[in-house]
């Protein structure tokens, strides 16, 4: 399925999706509430069949916190990038997709660890790399740690 | 007979009479015991240290390495350095461990191997005690070591140790059967359990030739089972490095660890010397009946050399096993024993009994 | 003690025995910690605890320029350092639309394949060691030294070279390069038969690995288990085939796939991949075209604002590089999608119900590199 | 550095001053000989330097020649902990504990830039311990990223040299000679 049909198909499911500019992949910005529904459909409908979540990353855009899902279909070889954003920096949360793609379980824990974004319904929402009592979320742009970081 | 040069019986009698001539029989007995004890301790230490060195060199040979070569010529003092270091190393006391059992365990292991050594004939007249149930004694005593291993695993309050000890328990209980039964095959052929007589009976041909097929099967089974019994690779599950860090002796340091280390090598020496004695004629030279000249030449080689040579060969085989094969899993280990070795052994004993009955042996 | 006595009998039977494998444990190949629940010797479940070597490389990348980032990627997965460097360079070149000389593509591809072979050699060594065959360890490392020698001559370092740079490679290959690679190929083709003799054909090894740690293709995709581990489950996930980069589109090689889905098939995939890698090198080594070893690049590399993604096939699986750039000389956000991280997540799933010795074998067959997990 | 340089004048003065009973010095000599020639390392590697440590143990470089052959997985039985690789904040307590679990005498080699000072992760990293000597006392530092096997061998030889100057009968001399 080429990018245009793919886009049309997804806009059918989620009309609010907006396309972002990207040369490589079809990138769509979704409202956070629709994420889990769309993810289920992406995985399960046979003509889409996005079964491989090959990258899941958090990005801090200073005003907003975002989670980027890179998806590919091993069957149809097409790829898609989904992005969700939130303005809430104090208690950001999204729905988990780890019931759909199991690899998300670890990646979401990593995003929680680094950005403080919580994922609802995640089975084991703990920090993965840092100690449980670590203060702050290191990959956020406003992270300040005068004790541990030696600035170059 | 030229053979008598190497006969230690008269030498022993000479010492005995000499001691009795100037002290009471009780004191003479005690003195003799002390002498034997010291000689055995020295022998134990020398053999233990040498085996550790030999193992290092053999494994280095297998792995395209040089092995220790800085301490003394060809590194022969390497194990002595190790020993000094282990002797001077701190003994760590584990909190919440069972102090008594924790300290007792290494001694049980080393005493078991030390006791078993006493029944082994090194040459004619050169053994501490010549039991008439020598084989039974050796089997009984050598399996005492597992008690030490179990105690070590239990008392050190470490989960890895406990798993290692439990594995070792299961392993030795199973493989003791095969060791016993394969020796029983030879007892059927020999008709005696006394080591000196077993060796004497092999004057005209070693049992492995005399008993041909069943004896060879018994020898292979004995080799496999005894490798397992000594906790050596590929059966070293009790101390499986990659799974249980160091198994039952994880918490031991210094000289107590050295006891376990040494006992492992002595057990290997022990089973190798039993295999040599029972299957390969012990100190008995290689004789071919009818070739008088050849036999005389063979007789010139001292029995002790024959004994050491055979034992060293079997030890070398066991070292090759260790450095070649990957380790078995615990269930595969028990499968091997209960489903393969034990039935083979039982059939083999029947076969051997039949053979003896029909006089098909040489 | 009292509590245990008062428990109902059924509960005592189901009492679990927890052991901690790691952070210092010989078979975790580093500082991974596995909290294993056992029932007897049987693994009921396990929880990986990572982060014992989390160095914050992604944060550091945000302060470093792109050429500096390359030096950090070496230390992520040190066994496929060349391939990690390659990913960064490809990403930068793609974003700046730089065309690298043909010679560079050849050199990079050969270096990548050498890196893959040495990584698999080391994996084979540690696999053998984990199963208790210590001799394997020495065989693998002995042959690995030959590759390190080749690298040392060209790049000046044994195995963390940072040889790739945006636009090309740091310096041209050593005059002896081709000769030495030929010598290596000739020797290693003989030596790899030793590998098969000592481990692959061994009956104990076959019993230890066959039918152990079954990972179905669906699970492999869902958990994102890429690389040789995924191909051992019959999933065709080789980036060199699906999205060819450098010379991979032009050389002939097979994607090794096996369908038994167990530890043995993952083992065999890697063994055959070494043959395939040698095959690739053989096709390239004599045809390296003359030319520059680097394209002309600006002194300061600034990526246009936007988002970029680059995938390469590292020795452990798919390495993804996600970069958000705001037009500065440093990346705004750099995310490494490392293969070992995803491969680790499946460990709990496939080792349940196995023996503790199998857990070691499964862990070894996934070929985890711990800094690759933690970054 | 040669051994005679290592025993500089100050050290020799110290020897003269404290004198030394013949028996005691002989005991020291024997024990130091044993300890220095049998330094068993702990299998402990965190990252890249661990691979070079493995390479040092392997066929070409062969640790075993110096009697450093027996890699012990249990800290109780090891003599030297070669800290090969980065130590991060989460790992530091574990490393301290490992060190505490080792039985005396124990030695530490900091192998590689990360273990010496934090290395490439000194700046801008929020989770790296800048030098393993913040956590445990170090006997020998080996620079390099990663150090070559030859460097590790040299470091081991320096450690052996250091052990040879220890004294259990006169602990104060050992103190002065550098082991705190």
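Order as written gives the chain letters A, B, C and D; numbering starts at 1 within each chain.
By definition in this document, a residue touches a chain if its C-beta (ideal position, glycine included) is under 8 Å from a C-beta of that chain, and two chains touch if they have at least 3 such contacts.
On a predicted model such as this, the values are computed, not experimentally measured, just so you know.
**Q** Could you tell me which pair, A-C or C-D, is linked by more C-beta pairs in contact?
**A** C-D is joined by more C-beta pairs in contact.
**Q** Let me have the rounded angstrom distance from the C-alpha centre of chain C over to the C-alpha centre of chain D, please.
**A** Distance between chain centres: 31 Å.
**Q** So what's the Cα centroid distance for chain A and chain C, whole Å?
**A** 25
**Q** Please tell me the distance, in whole Å, between the geometric centres of chain B and chain D computed from their C-alpha atoms.
**A** 37
**Q** Averaging only over C-alpha atoms, locate the centres of chain A and chain D and give their separation in whole Å.
**A** Here chain A and chain D have centroids separated by 46 Å.
**Q** What parts of chain C, by residue number, touch at least two of the other chains?
**A** Each of 25-26, 51, 54, 56, 59, 63, 137-138, 142 in chain C touches at least two other chains.
**Q** Identify all positions of chain A at which a residue touches two or more other chains, and write them in rising order.
**A** 129-131, 138, 152
**Q** What parts of chain D, by residue number, touch at least two of the other chains?
**A** Counting only residues that touch two or more other chains, chain D contributes 58-59, 73, 90, 123-127.
**Q** All pairs of touching chains, please: list them by chain label.
**A** Those chain pairs satisfying the definition are A-C, A-D, B-C, B-D, C-D.
**Q** Name, in rising order, each residue of chain C that touches chain A in their complex.
**A** On the chain C side, the touching residues are 50-51, 54, 56, 58-59, 63, 219, 221-224, 226, 235-237, 242, 306-309, 311, 318, 320, 322, 324, 333, 335, 337, 341-342, 344-346, 349, 374.
**Q** Looking at the complex, which residues from chain B come into contact with chain C?
**A** So the residues of chain B touching chain C come out as 59, 62-65, 159-160, 163, 167, 233-234, 236-237, 240-243, 245, 323-332.
**Q** For chain B, which residues count as touching chain D in their complex?
**A** Touching chain D: residues 56, 60, 63-71, 75, 77-78, 80-92, 241, 245-246, 249-254, 257 of chain B.
**Q** Give the list of chain A residues in touch with chain D in this complex.
**A** Contacts found on chain A: 129-131, 138, 143, 145, 148-152.
**Q** Which residues of chain D touch chain A once you look at their complex with the stated criterion?
**A** Touch list, chain D to chain A: 89-90, 122-127, 130.
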